[in-house]
Every structure is written in structure tokens, then in C-alpha cells.
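Can you keep this structure in mind? I'll have questions shortly.
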Amino acid sequence: MSTASVPLPNWITYGLMPLLNLIVAFLISGLVVWWIGENPIEALKLLIEGSLGRGDAIGFTLFYTTSFIFTGLSVAVAFHAGLFNIGSEGQAYVGGLGAALVALSLDQYVPWYVTMPFAVIGAAVFGAAWAFIPAWLQAKRGSHIVITTIMFNFIGAALMVYLLVHVLIVPGKMAPETRTFLPGGQLPKLDWLMALFGLKLGPAPFNVSFLIALVMCFLVWVLIWRSKLGYEMRTLGISPSAAVYAGIPYARTVIIAMLISGGLAGMMALNPVMGSSARLQVEFVGGAGFVGIAVSLMGRSHPLGIIFAALLFGILYQGGADLSFEMPNITREMIVVIQGLVILFAGALEYMFRPTMVHIYQRFKRA
Amino acid sequence: MSQHPAIELIGIDKSFGAVHANKNINLSVAKGTIHGIIGENGAGKSTLMSILYGFYQADRGEIRVDGQSVAIKDSQAAIGHGIGMVHQHFMLVENFSVLENIMLGAEGGQLLAKGRSGARAELKRLEDEYGLEVDPDAIIEDLPVGTQQRVEILKALYRGADILILDEPTGVLTPAEADHLFKVLKVLRDQGKTVILITHKLREIMAITDDVSVMRRGEMVATRKTAETTVEELAELMVGRRVLLRVEKGEPKVGKVLLSVRNLTVKDSRGVVMVDDVSFDVREGEIVGIAGVAGNGQSELLEAIAGIRKPASGEIQLDGKPIADADPARLRELGLAHIPEDRHHMGLVLKFEEYENAVLGYHRDKRYGSGALLDLNAIRADAAEKIEKYDIRPPNPRLKTANFSGGNQQKIVVAREIERDPKALIIGQPTRGVDIGAIEFIHRRIVEMRDAGKAILLVSVELDEIRSLSDRILVMFAGKVVGEKGADASEQTLGLMMAGIAA
Amino acid sequence: MDLFDIIVSILGSTIRLSIPLLFTALAGLFTERAGVFDIGLEGKMLAAAFASACVAYVTGNAWLGLLGGIGVSILFSLIHGFASITNRGNQIVSGVALNFIAAGLTIVLGQAWFGQGGRTPQLPASGRFSPIILPGADAMRDVPVIGPIYANVISGNNILTYLAFLAVPLSWWVLYRTRFGLRLRAVGENPGAVDTAGISVTWLRYRAVIVAGFLCGFSGAYLSIAQSAAFIKDMSAGKGYIALAALIFAKWKPVPVMFACLLFGFLDAFANFMQGKAVPGIGEVPVQIFQALPYILTCVLLAGFIGIAHPPKAGGVPYTKER
Amino acid sequence: ADIKPALVYGTGGKFDKSFNEAAFQGAEKFKKETGIDFRDFEPTGDTQGEQAIRNFASKGFNPVVAVSFAWTSAMEKVAAEFPDTKFVIVDSVVKLPNVRSVVFKENEGSYLVGMLAGMASKTGKVGFVGGMDIPLIRKFACGYAQGAKAANPKIQFFQNMTGTTGAAWNDPVRGGELTKNQIDQGADVIYAAAGATGLGVLQTAADNKKLSIGVDSNQNHLHPGSVLTSMVKRVDLAVYNAYKDAKDGKFTGGIQENGVKEDGVGYALDDNNAKLITPEMKAAVEKAKADIISGTVKVHDYMSDNACPM
């Protein structure tokens, strides 16, 4: 009997199965660790301690989490409209330009809380702008968005480097980066939030953009499940032909969905650019856009799921850095492997365990 | 000839998830006969035959070919046992030539060159023997459906099939093409081949089969010698009770023209003209039916009126306003409701919960939330109301739409479109794959709409449905309206027109 | 250096830069014509480059290196097949995942085994495919026009280059002249037709992805043991994506694939050549523009300003007969 | 004194056979001499670099050496947070009392190898392949061009940068292709200042029987007979000295500028390239070296005005 259409309760589909997929991904990662001659249990311990063991470690974990929430939301919003946006990386990169321009022009005149809303808009607009062309190409010319967004990642990188090397660089400085923003262009750290839990943030760059990320989670939830636009996006994402029937304009919906997606990716830049390094640097995104894919897949494209998945990857990134610090044999790229495995098992192989689950579930139900 | 039946199915059982498509089926088909299988949409005919052909695996049961119990684990095995099948949805590679399609799976060696000349010769022989004429180098997508079907039959014969299964072969054929097909089938039978013919057209069963089996809701309910049964008996067996094919309705009270189509030409995505300079009017209080063999432009006509497909030229007016350029959302605002032909791909989003589908296309309406947000309470209340009124089962607006049966899914669509109180209603295949109870319900609703003074355009490939609902009947052939008849037109007259022979 | 020399130089460079694209695009041709999208070409190429370099380093034999690359690349293909054919997962997601796994694992293992930051040690000459000087190349050099072309473009490439160009007609022949090719093209258009013809869709698609793995093995080996003499982390550097773009540009046909790859190779070569040179009237064009040019052009091409490409109909859709 | 030395590499990776590897060698040498072990770390991105430097400082490591200009801003921050820890940054300047900034006059070293290139070139054409296009690398190129010109006023000079992002340090394929390009244009000596990308440059030059010039570390041994020389930049000394000074209690902050005079940059001569450098070449380059030290020859520094007078 085919099992594909047998319904399963939500807690299995959205809880147990992702967990199972995750466990398999980790088991295989453990195998790799063991293969290169290290103790996986020991590694796991170091990873957890390094990411959750101290106040500043938690701060770093949440710092990474913040970035991943943004990019995860970015991928998820596009996904709901049936679009696979692999371009969050590039959109975040260009979004950084928007944030930086705002910070550079306002930081001398106003305090951070005045700069912030403009920076949020600036980052979002620039990120959205970078998503616009692939969106337009998909909507009007039918160019596969997966390919065009990949191309735009490369083009964006070239553009940003050009700007940083030739335009934004501080004359006489070597590193292609802007000047350091004054406090008026920086997002303050969330010491007080940590203090509420009796933790000391220390030097970790955990900052206000985390709160912006949480607000975005809520807004995305409203957008997808409570708004007319979200309804249209989901219709289009599940059944393009039904969307045509319902009079949902394809081009407009695709473009808007991608603009929102790009905007969310762009906002990710607030975190590293204004919350941490206080300047725009080359390659500051550092793969967070790609992590967003894994986060969105694992979080089943739901904001709540995305928060958890982002936290998991935050732990991986911070703990992984610490781990490679303690076990030099395990390089930080181990995280990339884990990321790939999570995408594989939570994404491409998400239904691998479904038939088994159906059988077990039916046996239980009968009993 | 041995006395074993060609095919015996014993206790075949098959479920698709929650759908129990075949329940403990037994069937025996004698050698050298044409055996009909009839049943309503969704009765499980295709599933049963696909199991015999190895396309699906039965959950339980036994298959015997020529008295031998066999395991048919894939189509390969079926072909090996001399079984060939012409599927309801053709299994052809559209951008391949006829020859390539014939050869696929029977290439005669690792290289194509040698097999190709052999295939050409064999094709010529089959053509001479059965009158199945076809250009081997033509590309499938350029061929008319009738010819495509011929290719499917040739495919089976080329593989040396002794038992030929045809799944609803006449649905896409004109009566004349169907007659030709039947001639071929008789030749095949006379040469000792066994034919299993699936259809739900009783006329065809009576015309050419030797035996007939009836399926209903996944069960095999009876087998008869065709000579010893009647149309009435078969119809009753099929639906499980006496059927009343005529819909009760009074004289139409016709008003002004609401929907007007002038010189409409529509092309499909390849640029082929599908609707060719068509003009007609639909007035208040009447049902205009469009009859025709599937694929003669009816679908494109509907889509053009519904704003889904841009017309190449011509004009459409709704209540005096030009709407040829309007999109579906705008058309709904103007009062045009549309029950699409294909509820799975158009009318519904199967992954949505029921209440979400209850507003599909109307979700921008103020009553479902002012501003940008949806008012879920209003939507769910609205859905619950329709569920009650239309007796949609199970009565749960939070259930995933895919988990409703076909009839209930169709009711969701009908409820949504009718309850908006539109001025005009365009309807495609309103009862395709819907059980008999739901058919009656839906038909009654449509007539009620007419009596309420709506203009209704109805497209259906079921001639019976067209004849029993319509006040006027337009017949389409090759993209043109070839004639108009009253509701009392005979089946023969309409059939000839559908074949493009008479006007 | 006159114009002709420049052209010859750029052509030579074009050939060298096209080869990995060509192998990879042909690999994509086989899977995508069979209806399996493969965005993981990049990862396969990278993994193969790593494996080739490792084996070639350990054995000191380039051919064994190539074999190692092919083996690992096929392994990646099989995982892609397992996810997208057997488990009917999303093919793009699976490809993306494999790209990450390849990007990470090559460095993790490389670091663990060689301790050189993800690099393999430099290969000895026997571990590489060195340029082959065709007979008479040096003698021909002075013949006008043909001489330099023969000596600098046609001669002086390694064996894999010649194999790549051989692979083009061979691919065409397999696709259009063999049973396997007929079935493969059919399964990418209508798997139902293949299934009902008694052919296993699953096994056919698996064979297609295995062929793709095989070809990616060559492109990987070309990178690490022919074009250079070691594996370097991320050495595929987006070539898999460019190959994919070339495949689309060529509308999934073998001979146009070759020309598309040559075009993209040429763009790359031209960018290299133009770098640091002033364009009359404009001045020095920022190198970033040249670097972005292939990607920009790909988008322009994808935008269909030169005709629309129809992908295989069943592409990207897992085959399910039971809903 | 008891010290706990730490080392943070640039993003090119520890074993680039070049810049970072030189730093590693310096630390290794110190370890061998004193038996004092060190900890090192290879960061991916800027956040990680900062984190690593801070990690070391907070775990009591002292001194903490960070090589690469990429850590400038990180160093500015962390050094301010840990005023009692001694920091060293290589290739950049951080003006804090507890930070020693070690910079090199790469223009001078490049000038020397440029002279050798100019003299060794039979075609009168020499090439330069840079890594990431940043002022620092242009400084290499400019010094090199000046040197080549000094040796042969009619010299023709080709210059290519591999890329504009960090990936440019790690792209030997492109490096090789750029090299082949320059060879096709007639260049017969190519200088690579491109981190790991340079490996491709050296390889391609060797494959085509042309000469190449290595950078940062002594790379002569990579292709004996093909690598003309290497522009050694004593990052190893910078690291070694930092540890040694700290151990001896002689650590000082401030800027250390190492040129030819300080023996911070130079050209490499060993068995591998002995046959390539004729006595005349050696004499000429030694004279240039003396002239630079004495100040009679001034090698223009690209970074002083972001321009090369060529």
C-alpha cells in the first residue's frame, strides 16, 4: 500500500520527523568526526560548552542565531510562494550597503534609536532591490530563479568588493572597509537582557537586531497565515494553476514575495554590520545566507520552527568555532558538513522515515 | 484453444492511502472475446486494469493468465505475458516520433539503427492487417488525439499483445473515429485476441462487447452476457439504484443578454488556434450547453471567458461591459462565477484546509477582512454555513481538502461559486468523477440558478448531461461552433455534429 | 604582441578554461535529460577534484587519481539519486545539500589527513596529466596562421582536454543512437511512457545520474591533477553553476553544450586578458566588471532574450504513480 | 618570564606555503628553541577572527600575535579591552600602547626581486600576478616594476590581480591561467604575490619552462630550477621576535617598520636557485640593496599615495 497520502498528526510531521532527520544528520557528522580520529562525544561536549557554557558563549550563539533568523525567514517567505531563493547570501551582502550608508550618514547627528529605523529600511530596501531583478526575470521572462539568484550572489559579491575597494574604503587604509560607525550608527548590545537571566554578556556582540529579528518572525507569521497577500503567496506556492484561476497575479505575487524575501535577507546585515563590527566589511555575510536554507528547511518554513533551527545553527557556529579552537584537527568547515547533512536529511530526504512512521503509527492506533 | 480463460483475477484488493480503490475483485475474461467493464468515474476500473498491466501492485489477490498463476511485478512482466494496454491518459513521449514511441522499450538491441528498420517493416504489416494507418515519422504532439490513440494500440500490438486492454478509448474520439476503432477491435477478436474495453458509455458496451462486468465503488457487482442484458439493467447496476437521467425543470424565463461572445479566437500556448471565430450569447435565465468531443476547443473557450487565457482576438461582454482583457479577479467582481473543469488543479488547493478553499478567488473581499489581513473567524463561519447548506461531508472546515471525496470536493467549489450570487456562471464538467447523489444535487443547484435569472454557460463532454440541463445546445468541432440545437435534439444529430459531419 | 597572437593566446586559454565546464555540463545533460535536476554538479566536481588529488598523491599515478575522482563523484550521484529518485525528495534541495557536504568534507578530511589547511600536497609530475605536445608542434610554430594555432591551441593540452572534446560526439551518439539514449530522453519527458513500456524508471534515472557522476569525475580530476597540481579548498569556485548555465543556454543539446562552454570559457579567458589593461577612451575597466560578466551574461541569456529554452518536461519532478 | 604565546592566522590558511606559513615557522622556531608551546587558530571570517583574538586574550594567552591586515579592527577593539595583554599585529597599524604593529617595506623587497627578474628576462617582459586587489598587493607590484625597470629600462611589465575577495588568495587555477596569459604575451619571469594562488603561478611557470618568483616564505624549493628567487618577508621573525621579546621582558609597543635595512624583506638565494642567479646579477642586486639601505635609492611606496609612478 502506498503511504504517501495517509495523514499523520502534526506532532509527528512537524515535531518527530524533523527531529529524527536531525538526529541522523548528527549521527553521520559524528561518524565523520570519529573517522578523522577524534572522539565524537568529546567533541559534542566541547561544542555544547562552547556555545552554551558561559554568558559570552551564549551571547555569541545568539548573535549568530540572529543572523540565521533573518536569512531563514528570507528563504521561508520565498518558499511559501513556491520560489527557492538561493540568493539570500547576496541580498544580505547588498543589504549591508543600505545599512552602512544610513549609519555613515546619520551616526554623527543622531542617537542609535533614531538611526535604527532608517537602517532597517535601508538594509531591507537594498536587499529587496537585489532580489528584484531575479524576481522580475522569473515573473516576466520565466528564468529559473534558482539559477538567477545564484548568479546574483556572484554579481553582488563583485559589486560590493568594487564599492568597498574603490569607493567606500577609507583613504590610506588597507582593509577594504568603511570607517567605523560612531555610537549613533551602532546597535547597542543586549547586556540587560542577559542580565535578566543572571548572565554576563562580556564581549559577545549580541545586540538589538535580535529583537528586530523576533519582531520580523511575528510579522512574517502574520503575513503568511493572516494576510491576504500571504494567502495568495501560499496559493501560488502550492498550486500555480489554482492561483491563475483565483485571479492571483503571478508576476506581482512573485515579485512581492521576492522583495520581502530579499528585504529580510538584507536586514540580516544589521546584525554584523551595525551590531558587531560597526563597519561594512568584505564578505561579512560569511555564508549566513546559505545557512538560511538549512534553517528554513528544518524549521518547516514556520517562524517558530525557524527560531529553533536558527538557534541550533547558532549553537553549531559558536560551538563549532570553540570546538575547532580546542580540537584543531576538526576544522570549522565541519559545520558546513553538518549544514549540508541537515539540508539533505531535513530537506531532500524529509520523507525518508514517513512510511515507517505511518506503519508504526497505524499499529499504535489499532492497538 | 485451451478452455482456460485468458485472464482470471481472484480477490484483487488495492488501496491508495485512505481510498479503497479495488475491493476483493474477481473477474474472468474468456479468450477471443471483447469484455466490457463499466462503472462510474472513480469506480476503480483503471486501477484494476493497471494492476493487471503491472503498473500498480495489488495489495492482495491473484492473477492468472491462461490458467497459470502469475506474478506481474511490473509492466515488463505483463508485456511478457502478452498483455498490452492503452491507457486512459496516453503514455506517449510527445516530442518523439511515432516510430520512437513504438520502439521505446522494444528497441531490438542496444543500438537503434537496426531495430528502427525492423520496426518500420512491422509497422507497415500491422497497418495493412488492421487498417491502423499512421506516419511513422510524425511527431506525436502534431497528431490529433485519434491518431495518438492509434499509436498506443500499435505500441501494444508491436509488442505482440494477445490481450489488449483499452481504458476509455472513446472519450476523446468522435463517433466516427469510435466506429473505426470498434471495427479494428472486432478484427482483433476474430484473430483470436482478447480485448478488455473500459468505458462508462452503455451504448458502446451494447454495440461491441460479448460480456460485460460492472464495477461500483471499488467492487465488482455483476458480470453479464451482453446479449442477455439491457441498458437499463446495466445503468442500475452501475449506480446502485434506478437512475433518473432527466432533470426536472420548467420552461426557461429568458431575459436580456448577459454574456456575449463575438468573433472570439483563442490560441493555445503553442500558438495553435483552438477556438476559431466563435460567437454566441447567453441570456438571463437560460442554460446554454456546449457539446463536443474533448479537445475541440471547449476548454480554451471557457478559459478565455474566465480570464485565464488571453484571447487572440474577438470580444466578450458581461452585462454590456467588455471583459476580454479582464483578469479572473476583476471578473469575479463584475459577477462572473466559474466552476472550472479541473477541480484538482484549478478549483481547489488540495493542501489547503477546507475553509481556505471556500474563499479561493474571493479572499480579497471585504467581508473576509477589511484591509490587508484576513478575518479568519468570518471565513470559517462562512465555510461552516456552506458546509451545512450543501451537506458537505465530513462537516469540518479545518480538514485538509485532499481528504474529501471527489463529490464533496466538487460541492465545495460549487458552493463557493454559486453562493456569491453571480450574474453569470460558466461551468466546466460539473460532475466529472462525482458520485450519483452529488450529481443530482449539483444539477438541481444549476437549474435553481437558472430559475433565479442567471445566465449559465455549461461545458460537458457528457452528452446526457448537456441534453438534460441545457435550454439551448451549441456544438463545437475543431474550434468552431458548428451549430445550435434545442434541448430536444437527438443524440444522433448531436453526435454527427460533434464529428463535424452535419451542421 | 599583435592581434593574432592575442587571439591565439586567448583561444588557448579558452580551451583550458572550458574543459571543466564541458565535462560538467555534459554530466548535467545526462541527468537533466533524464528528468533529474542536478544543482549538485558543483559539489561533485569539487569532491572529485579532492579525491583525484588524494589518490594521485598517495599512488603517484594520475590515472588512479582520475579513477578515485570518478568513484567519489559517482558516490555523490548515488546519494542524489537516493534522495531524489528513491525517496522522491526535492532535487534542488538535495543538490544544494551535496554542494555543502562536498565543500565542507573536502576541507575537513583534507585538513585531517594532510594538515595543510584543506589543501593536498603538491603532486609529483607522475601524479598529474601533463600537457601533450602533438607531433610537429614545434616545427609547425613558424607556419603562418595555422602554425601558432596548432602549436598553442590544439597541441599542448593534457589528455583530459582531448577526452572532453571526444565526449561531445560520444554523448550525442549515446543520446540519439542507442537504446539507452532513447529511453533516457523519454524518461525526462514522460516517465509514465517509460514505465508502461516495461522499463524501470528508477533504474534508468539511476543510470543517468551515474553517468553524470562519471563525467563530473573527469571535470574534478581536470581541476586538481591536470590544470593544477594539488587540490585547493573551494577550487571549483562556482564552475558547476556556470556549467549549469551553459547547459540551459545550449537548450539541453550536446553539441550546443560544447559551444556554450567554449563561450563561457572565452568570457573567462577574455576577462583574464583584459584585466589591468586600459580600454581606449574608457580607461581601465574595473576588474570586477569582467569578473561579474559571465554571471551577468548568463542572466541575460536566461532572460530569454535569445529564445526560450524548454527544459525536459518531467525535469525536477519526482516520478510517483501512486498519489 | 613565563609566557603563553598565541597566534591567529590570516584567512589564507596556515599552510599556504607563504605568508601564514611563515608566521607558523616563526612560532615553531621559538618553540624548538625554548620548548614553550604555542596555540594557533585559523579563522574563517571577521567575526571569528575577533573572537579568536579575544578568546586567546581572555584565556590568559600573552602575547597574542595576529597576522594579516584583516584583523586590524578586531585588534583595535580587543587590545583596548585587555590592556595588560601584549598584542602584535602584522601588516597593519594599530595605535595602542600594548600593541606592536609590524609592517614591512614590501616595495623594497619587491624592488630587489624585480631587478633580478629584469636581468633574468630574455624577452624583456616580466609579469606579476597578485592575489586580492588591495593596496598592499599593489605595493608589491609597484616595487617590483620599479626594480625591473632599474635593471632594464626597456622592460615591459604585465600585471594581473587574481580577484577582489578573499578567495583570490586561494585560486591557483586562475593564478595559473593568468600566468599562462602573461607567458603567451612574452613574459618569462612571473612574480606571484598571491598566497596560495601563487602555487598555481609557480606551477604554470615550471610547466612552461619559464621562471617564477615566490613570495613571503622562501619558495625556491617548490620547483627547483624554475623559481628564480623568492621575495622573503620575515613574518617568521616578526612572530619569533614578539615571543622572544615577551619572554625576555623586552616587549615594546609601537610601530616596527621592517625594510631591507632591518633585514625584514629580501630575496632568497639557496641551492635551488644558485644556478639561476649569475654572479653579475647577484652583484647588481647586492648593490641595489646597499643603495636602499644608504638611501640613495628610494623605492616608491604605492600606499603612500595610492599611485605607482610607472
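Things worth noting here:
Per-chain numbering from 1; labels A, B, C and D assigned in written order.
Quick note on the criterion: a residue touches a chain if its C-beta (ideal position, glycine included) is under 8 Å from a C-beta of that chain, and two chains touch if they have at least 3 such contacts.
In this text the structure is predicted, and so the values were computed from the model without any measurement.
The chain with its Cα centre farthest from the Cα centre of chain C is B. For the criterion of most C-beta pairs in contact, the winning chain pair is A-C.
Between the Cα centres of chain B and chain C there is a gap of 46 Å.
Chain A and chain B have centres, each the mean of its CA atoms, that are 46 Å apart.
Inter-chain spacing, taken between the CA centroids of chain A and chain C, is 30 Å. Per-chain Cα centroids separate chain A from chain D by 37 Å.
Counting partner chains per residue, chain D has residues 42, 133, 164 touching two or more of them.
Multi-chain contact residues, meaning those touching two or more other chains, occur in chain A at positions 2, 4-5, 158, 161-162, 331. In chain C, the residues that reach two or more other chains under the touch definition are 117-118, 233, 288, 291, 322-323.
Screening every pair of chains for touch gives A-B, A-C, A-D, B-C, C-D. Within the complex, the chain A residues that touch chain D are 60, 63, 157-158, 161-162, 165, 171-172, 174-177, 180, 202-203, 205, 272, 276-277, 279, 281-284, 286, 321-322, 324-325, 328, 331-332.
Those residues of chain C lying in contact with chain A across their complex are 39, 79, 82-84, 87-94, 96-105, 107-109, 111-113, 117-118, 233, 238, 241, 244-245, 248, 286, 288-289, 291-292, 295-296, 298-299, 302-304, 308, 320, 322-323. Those residues of chain D that touch chain A in the shared complex are 40-42, 44-48, 50-52, 54-55, 58, 69-70, 72-73, 78, 81, 91-92, 133-136, 164-166, 303, 306.
Looking at the complex, you find that chain B touches chain C at residues 16-17, 53-56, 74-80, 85, 87, 89, 91-96, 100-101, 103-107, 109-113, 115, 155. Within the complex formed with chain D, the chain C residues making contact are 1, 5-6, 8-9, 12-13, 16-17, 115-119, 122, 130-131, 152, 223, 227-230, 232-235, 237, 268-269, 272-273, 275-276, 287-288, 291.
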